[in-house]
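Next come two complexes, and both contain chain A; in the first it sits with chain B, in the second with chain C.
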Partner chain A sequence: MTALLNNWYAKDAIVLVVVGIMGWIGSLLMRREVWRSAMRQVFRRRMVRISAFILALYTLIAILDSVGYHPPLRDADHALHRHPETGRVLYDQDGKSLLDLILTPLSAMHEKTYSAPLAATQFTMETLYDDEGNTTRGYPPLAHPRRHLLGTDRVGNDVLYLAIKGIRTGMIIGGFTTLLVIPFAILFGVTAGYFRGWVDDAIQYVYTVLSSIPSLLLIISFMIVFGRGLTQLCIIMGITSWTGLCRVLRGETLKLRELEYVQAAEAMGVSRPRIMFQHIVPNLMHIVLITAVLSFSGRVLAEAVLSYIGIGVGAATISWGSMINDARQELARDPIIWWKLVAAFVFMVGLVLPANLFGDALRDALDPRLRTE
Partner chain B sequence: MSTLLTINDLHTQFRTPEGLVRAVDGVSFELREGETYALVGESGSGKSMTALSVMQLVPRPAGFIASGSIRFEDRELIGLPPVEMRGIRGNDISMIFQEPMTALNPVFTIGNQLIEVLKLHQGLRGEAALSAAIDMLDHVGIAAPDQRVRDFPHQLSGGMRQRVMIAMALACRPKILIADEPTTALDVTIQSQILELMSALQSELGTAILLITHNMGVVAENADRIGVMLDGKLVEEAPPNQLFTTPQHDYTKKLLAAVPSMTGPTRRKSEIGNRKSEMLQVVDLKMHFPIRKGLFKRPVGTVRAVDGLDINIHRGETFAIVGESGCGKTTVGKCINRLLDPSHGQVRFDGHDIASLKRVGLQPYRQRIQMIFQDPFSSLDPRMRIGATISEGMQTHNIGTPADRTARAAAMLERVGLEGDLLERYPHEFSGGQRQRIGIARALAVEPDLVICDEATSSLDVSVQAQILELLDELKAEFGLSYLFISHDIAVVRQVSDRIAVMYLGQIVETGPTAEVIDNPQHPYTRALISAVPRIDDDGRQQIILPGDVPSPANPPSGCRFHPRCAHAIDTCRRTAPTLESDEGRQVACLRSAEL
Partner chain C sequence: MFSYLVRRIAYAFPILLGVNILLFLLFFFAYTPEDMAETILGEKRVTQEQIDNWMREHNYHLPRFINLAESFPATLTRTIFWQKSMHLFALEFGHSDVDNTDIGAEIKRRIPYSLCVTLPVFMASLMINIMVAMVVAFYRATYIDHMALVICVLMMSISLLFYIIGGQYLFAIHLRLAPVSGFDAQFPHTIKFLILPIVISLIGSIGGGVRYYRTIFLEEINRDYVRTARAKGLGEGTVLFKHALRNALLPILTNVIVTIPFLIMGSLLLENFFGIPGLGNYTIDAISKQDFAVIRAMVFLGSLLYIGGLILVEISYTIADPRIRIQ
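Up next, the complex of A and B:
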């Protein structure tokens, strides 16, 4: 056990950082009564409480999947494998995550190839040998009959396991991209709206040009230059999508800067950074939060589309998008293999729908026009 | 006179998260044929809600009429099917609203909107409807109605839009016109035009008017009977002369005492400033905004918001700038506290010209010149605790330690009449008057020399306004302040200021000691402005009604800028621009001031 503990590592720090930052922002906001009352209003609806619960579950799974460790190598009789000279315990070079540990029963259930959900036999026919050495064509029984809730894929992996492993990818793409985008959008949007003049012209020029380039083209060229991967995908999706929020924030800042409390701070001689970050940004946060939640789900969906056309995360990463991509060939077979697509779809909707419901509820609670004061 | 509308024990209520709100709480009155009945009261007294109840337009589902009766002629309106009620609205009872800017649909011409009403209620079509619409515009005093009928609302001034609204409301010759604050958004000279129009149309058509307003002066001059509302109840009802001479209810007495008067002694107690010591000299100030158009934003014209202005403010004095909207008075304030960079001229503060100082050089003056803003709801950062708001200035100017600043913020809060332990609260927990007090505390916390009050009491109820004016006067003596008071309200200015400057289209037309200017105005514009102020103590004065609207500062008239609206203009006025002529402390910019 101690040997196990020595080999913990953050499989990728991104998820933990994302969750950490989100939690920190949340706790900062919750200190303010406005947000607390908004949250109370949000959670008054049952639908939202259910959504929040599902989102929390997804987040938990993503966190578990991001805490990694190197399991010690074991011999066939489960004894620890040790270095022949030093006697030190040897570890597997491939890291496992805490989620893998929990899902071991699932991931260990390998079959040879496709099997339908809860089937007892394999999906494809094989030549079978009976005890007397006769050969017949038929469906061989599975190693784990009626245990694969969502069937298995081409190489015999449990589809439920794959779908669960896809959660981390989806959450990283949604969450990390959103967190990348927000600071830029706030900084540029507020700067442009507050300073106006040439600063505004320059920033507007940049985002108008950026949003005129087809984002697919930009993503493809970025992936060619920097290689395929989760981080690259997050970065390029961030670059192509900060302009929308930035434009909204610029407009809102233009409105806020004319309000009397900003003028009052100006007349008082308060420094410009302080006006921007003390008086303008806090009054924009509701827009930022709503956009963040709603664009989160948009990005999860975008990943699926990108992987489908083959420019998403690499083949080595399990993601819903690549599952859907695989399904392209599977659906062309007769009889069709539908369960992989359905599994990816259900898990994706399970994340996107609660996120949208939550975002809508948040907008209703924070929209000043709908709020009764 | 027969009774048209009888309201009996009306209760209109609202469901809110905090419980049931009784907006109208047992109101009874009647409206007779051809009379004007005025409902007066401060904000939240339920006067507008009474009107909406009559129209069956209470915002649902939160609001509802709980009980009572509203009888129009022989019909009970409460519980009337929506179809029948729609027949009554517009045909028998119509309504005009406060905000002429938003009451008309911006994407249709005013002609279209008038024709729509005529179609709906009188079944007129095509040419007949168009000519009826033109007739109506003519009737409400819009010049060249056959051309104006094709204009969109944004092409009309506020006063003209309100005329169109009246034309629409009266299109079907309703028996009752409900006017909800019909002139509140308008300037006084425009207000008197509209009020005169309404009373002329009333005597012509015999319409009964239910006038809803917070302005005692408007009521005094236009109503036959007055109902005073407080917290959803009608506390007193009487004809004007009786109400103003012998008010019965304590609240009415309080309300009347709070109305700033145009005659009699002023409220001021503090000493008149030291004439020797000049604090602020504004020399030939100009603020021109270029109008840019097209792809390359080429300047195609200039808005001359302030066009050559000189003022001096002495230490310890209250100097007031009055004028109607668009005259440039707010721009002057913003040039002085340097929220704007003046295009030309000097702003000498204690002998130093601050008009062209950059950010760093300006910083000491940012402490010495403070501003109190008009709108208490937007002048405080809603996401900032008021303690932080008040301390922010001290922090910016490095006054004291954080503990000192908190202590001073609490002390200032107490000084302006709030409790010192409220520092941790947010602005939305305070009323408008309380927020204005917080704004004052913020300005005075950094110990300024000059405080610019830009319409500081304009959006407050009259009783709150009186308290704030009182507070400002006390603080002036206590902190040794000078005020630059910018307002459209001459009665308020008369109460508080030592000297006054009247602005018209970016220039001063008359300036001098307040009492002298108001009691004996020399410039024709000043005379019209002062006569247009509705008063409760009407002494049979002659109202001067100015024709037309204020011209655009982008294209001011030649010669004397006032000549197109001046009854005394002669040929010379069209060619020669008058300068301010000094005459024993008074200055008047009128070529004919000697003869008039």
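Up next, the complex of A and C:
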């Protein structure tokens, strides 16, 4: 426990900060009756409540996986490992997240290589030795028989553990990127629409240039120049995704600024920044929220494609995309090894489907023009 | 019309220039030609001399923006920016960084292969999606509509990768209905190789497509002219399939025409999985070989096609909708 207190860390502390800020803004919005009634309408349907619950579960796991501590290094006989000169205790630099701590029973169950879900023996044959020294070909028993719910992969890691660890990568790419770009999209979109003139022209030029490059090709160029990695992927996905939202917000601002309540505020001498952020932005938040939730799933799906074509998060990060990538060779074997692909599939659909359902419900409740039923 | 077209194309130029400058900053400032030479020649055991030679061979030894060693027009033209970026405007894509082949010729050679897949998929998916969407819209607010929506959202939530991997396994490996991958340019044999990628692509597009077109139809159904048609005593089928369909074609047009130029770019995943030697496969090869010249060319081509698509949309709008006049 003291080790936990003295050596805690927040992997990507910025993730927690941004999540906190968004929670705060959300609570500000919920003070308005419009939003409260919209939310009541959203949660009236059971399917949406289930979706929201699953999304919350994924978020919780992602947050647990982003906070952790550096455990002290220990020798084989459990004695603390100390610096030879100063005598200070050394700590594991990679760190251990709270999720790792919870999942220790899973991650500790190592096998030698592939084993099918809930199998008692290994998937591949080996030469076995019995007590009398005779050799036979057969399937050796597993170290943890019938304990791997989704089997093990080539190096004997539990596939369920890998799939759960992939949640953080998916959530960061899908959700965190959105949260990062929203402020920029709001700032530029509202400024362009409110000030018009050369400001509008300049901002329009920038986002037209960016959006005229097919986003997959821009992501490829960026990733090939800056190398693979989660940070790079988040940055470039942010760059390619703010333009759409920015264009919509600009259009809406152009409409809103002509309305009586904005003109009244102008006549009363309210300052321009105040008009923009107190009178216009709150009336755009429904568009922001709908776009954020609906674009979330697109990015989770895109990560898998990018990892497959070799420019995703890289080999060091566990992600569903790299699991699918591994599965490609496993499917070519006979008999096939299907459980890694199925695990990635189930966990991805488990995130994307509720996100889509929740996004649709939000859109129906918040944007009556787009209501479909 | 003609002067409008000229003006519209003139507007496109600054955008393409912006794309060019952005690419230039990305490929020549964030990642210098020296880095590029090292990557391609192999990171280790490479001498400065080899790097210099490679850069001279590929014209990367020039200054980036301004060449002070030359007299006036050459001060601007004998630079990397002019040679590598401005030449793209003339559709001169230059030569590959890795094997020195002519990129323009290679693109031209591969376009038909890409079209073999994308064109049938485009037409078939448009027809299937619109027809299914109309049927769903016909049964709006019923159990059928509700179930169709749920299935659509479910199908949208599945990555194309799974459709491809699953489809390839089921139809090619397990049932042996089609070859696993490969391509044959001889006509009757081509179909055998194309049928599976086309079918998988159709399945992958149906969820999103049906849902999108359904929304468009539902918007049309609430218009006044539909109410008038119903008031005249026309059946729901006639109203939907004749009156609403015609008017819904306009928003469908915008959505569809933008994508037409992109058809020649092919599909990265499908071409890679099924071994079709089109432009998508070319891009994937370029990524794995770190061929920057090819990637630059593909990005520029992509933006050119997108802007071309936007211009096409505007032209088709003025033809399809007499209310829109060109000033």
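FYI, the second predicted complex is superposed on the first by the 345 of 373 C-alpha atoms of A that agree within 3 Å, B and C clash if a C-alpha of one lies under 4 Å from a C-alpha of the other, contacts with A are read in each partner's own complex, and residues count from 1 in each chain.
Here is the rule we go by: a contact is a pair of C-beta atoms (placed from the backbone, for glycine too) under 8 Å apart; a residue touches a chain by one contact, two chains touch by 3 or more.
Everything numeric in this text was worked out from a predicted model, so none of it was measured.
In the superposition on chain A, contact of A:305 is made with chain C only, not with chain B.
Of the two partner chains placed by the overlay, only chain B lies in contact with A:259; chain C stays clear of it. Legend: residue contacts after superposition of the two complexes on their common chain; A:356 is shown touching chain C, with no touch to chain B.
By the document's definition of touching, neither partner reaches A:90: not chain B, not chain C. Applying the stated contact rule after C-alpha superposition, one finds that A:187 touches neither chain B nor chain C. After overlaying the two complexes on the shared chain, residue contacts for A:116 are found with neither chain B nor chain C. Between chain B and chain C, it is C that contacts the larger number of residues in chain A. In the superposition on chain A, no contact is made by A:149 with either chain B or chain C. Residues 372-373 of chain A are contacted both by chain B in one complex and by chain C in the other. By the touch criterion given at the top, residues 16-17, 337-339, 362-363, 366-367, 369-371, 373-375, 378-384, 392-393, 396-397, 426, 428, 439, 442, 446 of chain B touch chain A in their complex.
Here chain C touches chain A in the complex through residues 14-16, 18-19, 22-23, 26-27, 30-31, 141, 153-154, 156-162, 165, 169, 214-215, 218, 262, 265, 268-269, 272, 283-284, 287-288, 290, 292, 295-296, 298-299, 302-303, 306-307, going by the rule given at the top. Residue ranges of chain A in contact with chain B, taken from their complex: 32-34, 259-261, 263-271, 274, 278-279, 282-283, 372-373. Those residues of chain A that touch chain C in the shared complex are 205-206, 208-210, 212-214, 216-218, 220-222, 224-226, 297, 301, 304-305, 308-311, 324, 327-328, 331, 336, 341, 345, 348-349, 352-353, 356-357, 360, 370, 372-373.
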